Structure formats: C-alpha cells, structure tokens
Amino acid sequence: MSDFEPKIVAFVCNWCTYAGADLTGTSRIKYASNVKIIRFPCTGRIDFMLLLKAFSNGADGIIVSGCHPNDCHYTSGNFHAKRRWIMFKELMDFMGIDMSRITFSWVSAAEGARWAEVVNTTVTRIRELGPYVSYKELVNKSVEEEVKNG
Amino acid sequence: METIRKLIRKQSLEKLYNNLAANRKVYAPVIAADKKAEYKYNPGFADVTFDHIRSTLSVKNIVFPKVENLFFYENSKTESTITDIDLDKIPEVVLWGAHPCDNAAFDTLRSIFCWDTKDEFFSRRLEKLTVIGLGCHSSDEYCFCTSVGLSPSSSRGSDILLTKLQTGDYQAEILTAKGNEIVSSFPDLFEPLTDEKVDITEVKQKFSHKQVTEKLAGAFEHEFWIANSLRCIGCGACAYVCPTCACFDIQDETKGKNGKRYRSWDSCGFGLFTLHTSGHNPRHVQSQRWRQRIMHKFSYMPDRNESLGCVGCGRCSSGCPVDMNIAEQLEALQNI
Amino acid sequence: MDNLILRAKELLENKTVQVVIGYEAGPTGVVRPAFISDPANADSLIYDERCVQNLAVYLTKPEVKHLGRIAIVSSLPVMRSIMMLISEQQISYDEIVVLGISADGVLLDIADLSVMQGYIDKSDLSNPVKYKELLAELKKLTPAEKFEYWQKELSKCIKCYACRQACPMCYCTRCTVEVNQPQWISVQSNAHGNMEWHILRAMHLAGRCISCGECGRACPVGIPCHLLTMHLTDQVYNYFKVYAGTSEKMNSVMSTYEPNDKESFIV
Amino acid sequence: MARIGVFVCHCGENISATVDCGKVAETIGNLKHVAYSTEYKYMCSDPGQTLIKDAIKEHNLTGVVVSACSPRMHEPTFRKACAEGGLNPFLCEMANLREHCSWVHEKNELTTEKAIDIVRTQVEKVKLNSALQPIKVPVTKTAMVIGGGIAGIQSALDIANTGHKVIMIERSPSIGGHMSQLSETFPTLDCSQCILTPRMVEVAQHPNITLYTYAEVESVEGFIGNFKVKVRKKAKSLDEKACTGCGLCTTKCPQKKIPNEFEQGMGMRPAIYVPFPQAVPNRPVIDRENCTYYIKGKCKICEIVCPTKAIRFDQPDEILELEIGAIVVATGFDIKHADFFPEYGHGRYKDIIDGLQFERLASASGPTAGVIKRPSDGEIPKNIVFIACAGSRDPAKGIAYCSKICCMYTAKHAMLYKHKVHEGKAHVFYMDIRSGGKNYDEFVRRAIEEDHVNYIRGRVSTVFERDGKLIVKGVDTLLGAQQVEIVADMVVLATAGVASSGAEDLAQKLHVSYDSHKFFAEAHPKLKPVETNTAGIFLAGACQNPKDIPDAVSQASGAAVKVAALFSQSELTREPLVAIVNRTSPPTYSTCVGCFMCQSVCPYQAIEREEFKARDGKVVKTVAKINEGLCQGCGTCVALCRSKSIDLLGYSNTQVYAEVVALLNEY
C-alpha cells in the first residue's frame, strides 16, 4: 500500500476555489500532486453524475469545492449545489457508498493556504482508505458477469 | 433421429443432475427469496424446482445474453487494433428443467438470428447448449401455449424432454443426438419405459393464431390499437421477460484508448427504439409501438421467418405492471 | 362505489369530460386502469384496496390527452401527483376533473384546486407506514451491508425502465439515459450501470417524489427501488420541511434554496 | 477530424523548473488528433504568440491548447492570438501548468505526469469546443458611483467630464467622506477642506451628476451595461427644494446632546443637523432615532421656526429604480476605534484617542477650533505619545496587513502638535517607518530632524494611569530592547484601517468578491486592480484596502477611465459562454419538456417561455428559452435539467464529461 498514489479529481468553481488554487500557486505553497482540477463556472454547474463518472473511471477520491455561502459569483449557484450535495450524500449513504471519499468544501479566492490544506487532508485520508476497490470491482463486475454467461 | 422414450426414476434425476453439474454449467430453476422462480448456474439439486410454472425472466440469455461483447479495440495515434472475441471459449451449457414454451423459443430465436446471415455469437452459443426440458404438470391463467401451436408437452427445442409420470418418476424423451449423448454417458440411470400415465396439465386454447395472423393483415389502421394500449405505460418489461424478443442495440464504449463494442437487449416498446437523429420518430406514440409488438410476432414473423414470434409462456402478461394481457388482446383481435 | 359510478356517468353524459380514468378488474381478475368514454361502460369501474396504481401517469400521455377533458379517480398520491404536474406546468387543472377518493374509500367532492389543496394539507404526507418500517430496517445496516443489499437488488435490474414509465413525475419525453452525447449511463445492463441508473432516478425525484411506491410495484424483477426515492422524501422533509405535491406553485427543493440550509459535511 | 496544436510554456523557469516540459510536449504529441506539439520559453511573449499563429496556419489546426499559466491570467491573451492566427478564439483552451502544478509541487516524475494529465484533459476538451461568436448587448450610458468620499468624487467628476451621466449615492447626509474630517494632509500640510470642498461643490453643480445623499443601495440586478439598481433614499424629513439651508432649525433644536459623528464623538450636534458647515448638500436632516418628536410624539420646534415650512415629519423612504451601465464602488474605510485596545486602557482613560479624533482636535473647524486640548480636562498636553501600528500588522489582533497610511499621518500628527505646542514633547512608538511615496520619507525626516519628534522603535506593552498621568510602557529595540517608560498627558493610537461597515452586505448585493477582512476584491492583484470579478463593477479608493489620498484619487480616475471606455461603445461585446436550450426543427421535436425548474433556479431571470403554436393558434408545446443578454453562464440550470436539454457553451456536458474521462484514463 506504500506505493499507492491515489487519483483524486477536484471539481471546482472558477471564481472562488479555482482562483484560490491559483493563489496557492502564486504563494508557492506546496501540496500533494494527486489532485487534478476540473474547472467549472460555478458549483451549481457540477452535475452529480460527474462524481459517479469520476469514480467509475477510477478516481479514489473527489473534492468538490466552490465559493463560501453568500459569496457565489452568480449569487446562488453554491446554495443550489449545497442542496444537491445534501441529497446526494443522503442517497449515497443509504446505498452504502463511501462518502468519506468525497470532500465537499468552500474555498474562497483568498484562501490559497486553505486549498493546500483541503488537498493535503483529502490525500492523507484517501491514502489511509486505500484504493477504492469496491467501486472498481463494481465497474469490472459487469465484465465478469458477461464472462460468466459467455 | 427417431424419438426414444425411457424411464428415469425420481432418485436417478439427482444423480444425473449432479453428474452433469460436476463438469458442466447447468442452468436450472430455483425458487428465489420472493417465491418466484429464477434460473441459476449450478444450484444444489435440493434447491432445483420441478414445480414452477414460469420463471420471471426467460432463459434466452443463454444464447442471447443481455450484454454480448462483440469485440474490443485499442486506439493509437494512427490506427485502431481490434481484438475479436474467442468464440471457442463459449462454455457448454445444459439447460435443466425448462418448460416446452421456453425451449421452443430457441427455435424462434434461430429463425431471427439466422434468418439471412448466420449470427456467429448466437449460433455458437446454441451449438454449446443442451436442453433437458420438463413438460408442464401445472399451469395458470396466463399460459396460452396451446393457442400458438404448442402444448405443455411439446418437445420442440428440447434435446431430452422429461415428463412427470403419475408415479412420481419421469419419462425421458430422447430427441436429438445431443440428448442421446447424455443418455449414453449415464446408461445406468435410464430404464425402459413401461406404459405409464404422464402428469400433464391442460392449457385451454384461447384463440387461433392462424386467424389472428389473417386478421392482422388488414388491421394496421384499426382503432383497436389506441383503445387497447391506452393503459400501456411504455416500459420494456414485456420484451425483456419474453423468450423470443430478440431486438438489440449496438453500442461502443470507449475509455481513453480502450473500448469495446457490444450489443444489449432493447425493446420496441421504447420511444427511443425508433427515434431518428432528426428528432422524427416514425412510431411516436405508444399505440404504434404496441401494434408493432403484436404485428411483429403474429404477422411479420410468420410472413418472413415462417415462425410465430410467440410461444405462449404468458410472461409478458404476468410481468406487466398494467395488465396488458396479450392473450386477451389476441382473442379480441381475432374477433374484430 | 355506486357514488363513483354515478358521478362518472354524469360527467360523461353531460360531456363535462370525455374520458374517465379509473380502475377495473381484467379477465384474470387483476385490477388495472380503465379508460371509460362511454357512460354505459362506467359500471365496470371499481374502487377497493387493490386499486393502487398511480393513474396520474396517464395525464401526460399523448393518446390519453388527445381524448379530451379527463376525469381521474384520485387517491391522495394521485392528487399530489396532479399538484406536482401543475406546479411543473405539465397540466392545467382546467383540463381535468378530480374524482377524489379518501383513505377509507369514500368519494370526495373535489370542487376545485383549493379544495384539493385543503385535502392534501390535512393529510399525512409522510411515507406509507409499511415502507417506513422497511426504510428503518435498512437504515440500521452498516455501510457495507447496505452496499451489499443494494448491489444484490440492483444486479437483478434489466433496464426495462418500468420504474420510470410507471412514475407520474418521469414525464420527460427524453430521459437522461436516452442521451448519448455524452452517454451519461451505460446502455448495457450491468451492476455498475444499473446502480448509476437508480441513483440518477432517485436524484431526479428528490423533492418531487410523492411516495406512491409505483416504481417498486411496477418492477418486473422485484427491486424495491421505491425505497430509494422514499428515503430521499424523508430526507427532504428532514432538511427542508417540505413534502412534494403540496402546492400548485413550483416549490421543488432542488430548484429553490434558503441561505441558512443546514448541512454538516461541507468543510 | 480534429487537429489540435499543443504549446507547452516554460514560463522562464517557473514551469520548467519542476515540470519536464519536453516530456510533456512529446507525450502529448503522441496522442490521437494532436497534429502539433511543441515547447517554448515564453509562450505569452511576442515570438511565443507568433509561434501559435504560424502553427495554426501551417498545421491547419482546429484547436489549440496553451499549457502555461492560469487561464484566469492569460486566457484572453492566447484567445486573441488564436483569433489573429485565423482560429476562432473559443477553440483555444489553457492547461494550467504553473499555478496548479509547477508552483505547488516538487520536481519529480509525478509532477510531470500530473502536467501531462492536465494537458491531455484540455486536449480532450478542446476537441469538443465549438466556434462561438461574441454576444452583443446594449449599454446604458449612466454610471453609478457608490460613496461620496474623495475617491467617489474624483471618479464621478472624471466620468461626468467625459460627457456621461453619473448618479452618486452617499449614505450619510453629506458627501466628503473621511477627507473632510482631516485637518491637514501629508506630505504638504495643506488644508484638507480647502482642496476638497471645491470638488464637493463641483459634484453638486455638475450638469451630468445627480447626487443622492442619505441614500443606500437596496438591490442590484442585471449585468454589465444593463444593471437595474434599486436605491433607498432615506427620508430626510425635509422638503429639499423648499429648504434654503438657513440653519435656523439646527440652532433651535432643543435636543443638542447627540455625539457628533463628524467630530468623532468629540463634539455634540442637534437632532436636526448639517454634519459640518461645508456639507454638500448644505441641507439638514432629522436624525429620527434621536429626535424628540419621533421619540415622544411632540416637539416640532424645527417645523415652527422654519421660515419656508420645509419640514416633513411624515416623509417616507423613497425607492428609486435606476438603469445603470456601470458601477464604481467607492465606499471607503473605517478605522478601528481605541476600544479595540483594552490593554491600552481605553475606556478607563479619556485621554487615549484615535487618529481621526486627533485630526478633529487639530482642525481649525473642529471642536477645539484647532487647539490641541485633551478630552479629560481641556488642558494642552505637554507630553504626547503616538503609537503607530495599533492593530495593524498584528495577527494576534486578527489584522495581519499594514494599514499603509498610519506611518505618514502619525508623522503629520506629531508635526502638527509640535507646530501648535512648541514647548511640548512628541514621542512616536513604531515598528517600521513605511514612508514610500513622493516626498514621503523627506516628510518623516522633517518630523524627526526639524520638529524633533522622538521616534522610538518598539512596541508599547501597556498604558496605565499614575498620579493623573498616562504611563506608556514599551521597549526601545534600537537600544537593545531596553524598557522605556514615558509619562504622557495624552496618547494617540494610529489604529488599523478596516473595511467600511456594511461592506460585506453591499458586496453580496453587488455579487462581487471580498477578502477575509471584508475589503472588496480586485479581479487581479496586479493587472486588474480596478476591476472586480463582476464585469461592469469597478473599485475606487479605500474600499479595496487602506489607501492615502493620492492613491485613492489615482485609482478613482482609473475606474472612471474603465467606465468611460465601456461607455465609448454603443454595444457591448460579451463572451458567449451562456446556456442554450437545444432546439430541433421542427420545434415540436425539442427535448425540453417545459417543467421550468430552470426558471426557478436562475439567478438572473434569464429563462423565458417560448410557445409553439399549431396552425389553429393552439399552443402545442412550451419550452424554455435563454435570454443570452441576461444569462451569465453559471450553468446551475444545466446541472438541474433532467432531460439534459440545456447545455452551457464552453462548459458543455460533453466537454466536462470528456475532461473527467481524460483525467483518469490511459491514452
């Protein structure tokens, strides 16, 4: 497990967290290189299906991050996103899907150091959890089922 | 080959089953937690049921799996490499204890998959299949095999057909070379058949499929279709539980440089089935799709495949959430 | 049920409506939806505890709409579905007559939308008791047990979409699963794709599900998929104190928000 | 078939120091559909941009990925370069290798691998980009300036002088801001009022400026060029047209014991008052919270004495609805008051005051007419201590930043004191003297050398009273951290400059970002210091961070130029990154089912209904339609749409999906 490098996808909004991550860079704060960012205009744009897609394509962890409440560049995108994540989390929990693999956070454009901290805590946690075996098995299971029939 | 009838004792069935299951995949019905029958690979003999009327799903997946990979591919900057499926790896399967309707359906499927060109995947799977059928000693209100030219004791599609005797032992009709091979592998288990009475259920004929086919020829525009499909909600349950429905979709799935092409079950009951890229849908409402389903099975297939597209198992009706009872509708159609 | 038959006849005879959607017993004795256009056929209408299908699903079906003005036999879930369909602008109350039926099977006089609103307001809108127990049982499981439970159930799915088609709120003419640019959900039926489909369905019904349980009843292979949407119905109420199908105005929790919505997992 | 060009930038060594740029370019070059892949030292330089332009033509590129810094930095640069190279600018994407990779990771293989993943993701995205055309929207050529301090005044006058209309909103009864409170200004020691009041009058008289004092922004809707601003004009209880500003009411008002805000609480004012003699407009308002009539229901003396019968007790607040094209935020700053320093004895000792209070003491129009008298007994202090950095640069106090103006004004205060109290002794405790600026350091040297102000480098630990004197205990770090104790008559704290009260609330109304100290955030700390993240809203003055007058005025003029540039166009060109509802022909095939949940979720009221009718006029289908002038492209509707009938240009479903797949799979 020591050479396990988790794959983590970060879904972030352009105005706060993406800019915050830029500031992390400008401030030369170092963090783990396991996290790769996909830029969205707003957390409101982030379809919950994309999170499932990240897992099914092999992500071990996910970060979803946007503007703090009241700070949304578009006023309310993050509030809608918040409701979406509340429901999503409740459903995932009910289905036994491990939500500790997803970090939901608010990181503002001014919080460069905080972004590094969010990344590092997530990477540490995912390292402890190990590869997301049960999800990967689930994805591969389809192939197995076919083999069984054929 | 000429049909040979033999006797197999109830206790010998277990030996036969266990011998087969020891080195082959045996697909046999069991009673699931929801008290409905379902087929499983190599269940313990004690779990195998001999008394079910119909399983929720048919057994067509042996020869027509719900997902069949057709080939795999890998893309590089300049070219794509295709890896074919090794059809030799398709395993031998013994279907155990399936009823005459389901077994006859393999014939129907062959008439579709091998209509003009021979579908390799289907044919190879069928070649590897041996069917030990079981005549029906019970039936229910959804059964209508007798209306579509079959019966609870039809041997079509079976390699061996078992029929329960009133003594509790079974009659084994050895119908094909494949069947004979099994019997000759276990000669001790089969005895000569004395004249004993079989326990076969009676299924009342509800309509004449010939009359239905004749009626359908002129019924395309009939108001019957709308009036009788109003309650159809347009799901694919009937097609997916049907032993003869053979529609499929072909898809490519690519992840990065790797991908595969596969086919998976589809249903003419879905709007998407006929949707054109333009947005135009030649069958844009459910009544047209319901008509298609009936027409295909009872008019187009007799016409084109010289085979009826229905074996009267009744699954589509018993599985329908809104009681679209096909036998009832065909009975009504016969009289329009 | 004489009252219902009389009322249906009356509505058809005086041409207030062109069709009455209710329940009848089919030739096998199975109760199923009935579409009565001729007053003479109204006698076949029945209403008893077997009449559970949510008939509101037909209100958005083109061939049914085409028949004209509709009277619809409506238990509480049907009335709530109608409310949802109005709030999401799929139907207008003018197009229908609600033949309301109370929980104990009595024909209600639903004269207009406000009467229906009043009836809904004073009803218990939480999940039906039998499902509450199931939900509670499931919630007690450990995450691994939950995962195993749902994987076992969902592996049965054949993607016939009966759950979707039976749901009055799944009226979209194109479902996300029918989109292939991108292919959000794999077309094939496999463990992973089946799970994604059921997550998608439940999420799309979050705050919109009116707890009729129709999706689970329609499933030919017996997946209790209604428990997924009902669980979210519970959670919607838990977090936002809202039940679906209680207002003719758009009040879906997923398209609205309160700045002080509480959660405990966003860092 | 896509032909993508990839350009990997070294950014000098900013990227290449930790990322193997050559390997990135080579690996990406092996991807399907990548027609050209190269690296270069500075892609943003002229030769770098030429490289892109030439490659577009030479390799007939259908898309470009510039792998360099943050798109927030240079996306416009490279999109422009692509356009000049003949490629639609929206077929260019940037892969952020600097801020998100090279600057935040160590040099190793994983970092280069991550860089490759980032670039590949953008390659897969750009394949799905579509050529977009900019959106044109009309511009309302009226600016709003929020705040009537020197920054707001300068901005308003500059915009007005370009010939455009300006509406100025000031929440207090008069414009002038903090500058009107100052006695003299550094580094020239000229009188603040003398240079400010002519500008105030100019605002009031300018034909292009409409001034609303005692008014606040209620709500802001719309977008650049097309804002709809609601302004609450608080009731002044006065008919401004009838009032002549004679001031009789203010002298007759029986309630005279209200702490005067303008005098920083060092003087009193009546309930009906003009904040200060030079106020613009020179009209009184009734402070309803303190007016006897509003409290007890009777009095009305002002109404009785008013010669023009201008008092209106029942006047309601008025809501103005204004169409605005651009907004300049100039809401200024506040200072932390002395109560921020309980350790310095605030509250126990009256003679500890803050810098603004000292300004009023030193002002000729102030409560002491310019004589430095201490608040407790009116005595002239013989020994005065100024403490710089009171709160600023003090993370323990929650303020890590330098308030910038205190060093200079403390020197000024010490000088003013010495000029007025020749025999007095002035001491300044300081951390560092930050006197960068034209003639600034000379000014401080003058205080030390000519006016003999005693500068002590060190912090003050405590201030307490002994025998009627304030004992200031501190250290002198230049004398080896030796303890110093000064017996003072008065202490002046140069307290930190902080965001104006209500700044956060206003920022939320305007939908602009603000930092953790509630100062308004600029779009870029260096290259867009005047813009906010919200197009059409600009910053002027100390609302952004503490600033001195020349800085505030310069920025105000800068903001005015931004507004003028915007107003110089009859139409505004907007990025076409907006939502669209898919439409097929015939429209009845459109997949939108018309549930209008998108309408409920849209913050910009950008979603409209579109009805399709049959020949008989009957509506057969209703679908959503996006007003591209109003849509800001947040995409919340896109994620909510169940039938996936809405998509967002630039962040389409296929694009973001491809990004997820590309980031995680082998290619």
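Each chain carries a letter (A, B, C and D) given by its place in the written order, and its residues are counted from 1.
In the analysis below, contacts are C-beta pairs under 8 Å (C-beta built on N, C-alpha and C of every residue); 3 or more make two chains touch, one makes a residue touch a chain.
Just so it is clear, the model here is predicted, and its values are computed rather than measured.
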item: Most centrally placed chain - per-chain CA mean versus overall CA mean; value: A
item: Comparison of A-D and A-C (more C-beta pairs in contact); value: A-D
item: Label of the chain whose CA centroid is most distant from the centroid of chain C; value: D
item: Chain A-chain D separation of Cα centroids, rounded to whole Å; value: 31
item: Between chain C and chain D, centroid-to-centroid distance (C-alpha), Å; value: 50
item: Mean-CA-position distance for chain B and chain A (Å); value: 45
item: Where chain A touches two or more other chains, by residue; value: 48, 53, 57, 70, 76, 80, 84, 142, 145-146
item: Junction residues of chain C - those touching two or more other chains; value: 173, 176, 184, 186, 188, 190, 254-255
item: Numbers and ranges of chain D residues touching at least 2 other chains; value: 601, 640, 653, 657, 661, 665
item: Chain A-touching residues of chain C, taken from the complex the two chains share; value: 138-139, 141-151, 176, 184-186, 188, 190-193, 195-196, 199-200, 202-203, 206-207, 228, 231-232, 235-236, 239-240, 253-255, 257-259, 261, 263, 265-267
item: Chain A-facing residues of chain D, complex; value: 70-73, 96, 98-101, 103-106, 110-111, 114, 117-118, 121, 508, 511, 513-516, 521, 533-534, 577, 601, 603-604, 632-636, 638-640, 648, 650-651, 653, 656-657, 659-661, 663-665
item: Chain A - residues contacting chain D, complex; value: 5, 7, 9, 14-16, 18-19, 21-26, 28-31, 33, 36-42, 44-48, 50, 53-54, 57-59, 70-77, 80-81, 84, 108-111, 116
item: Sites on chain B touched by chain D in the complex; value: 75-78, 255-258, 278-280
item: Contacting residues of chain A [partner chain C, same complex]; value: 48-49, 52-53, 56, 69-70, 76, 79-80, 82-99, 103-106, 118, 134, 138-139, 141-142, 145-146
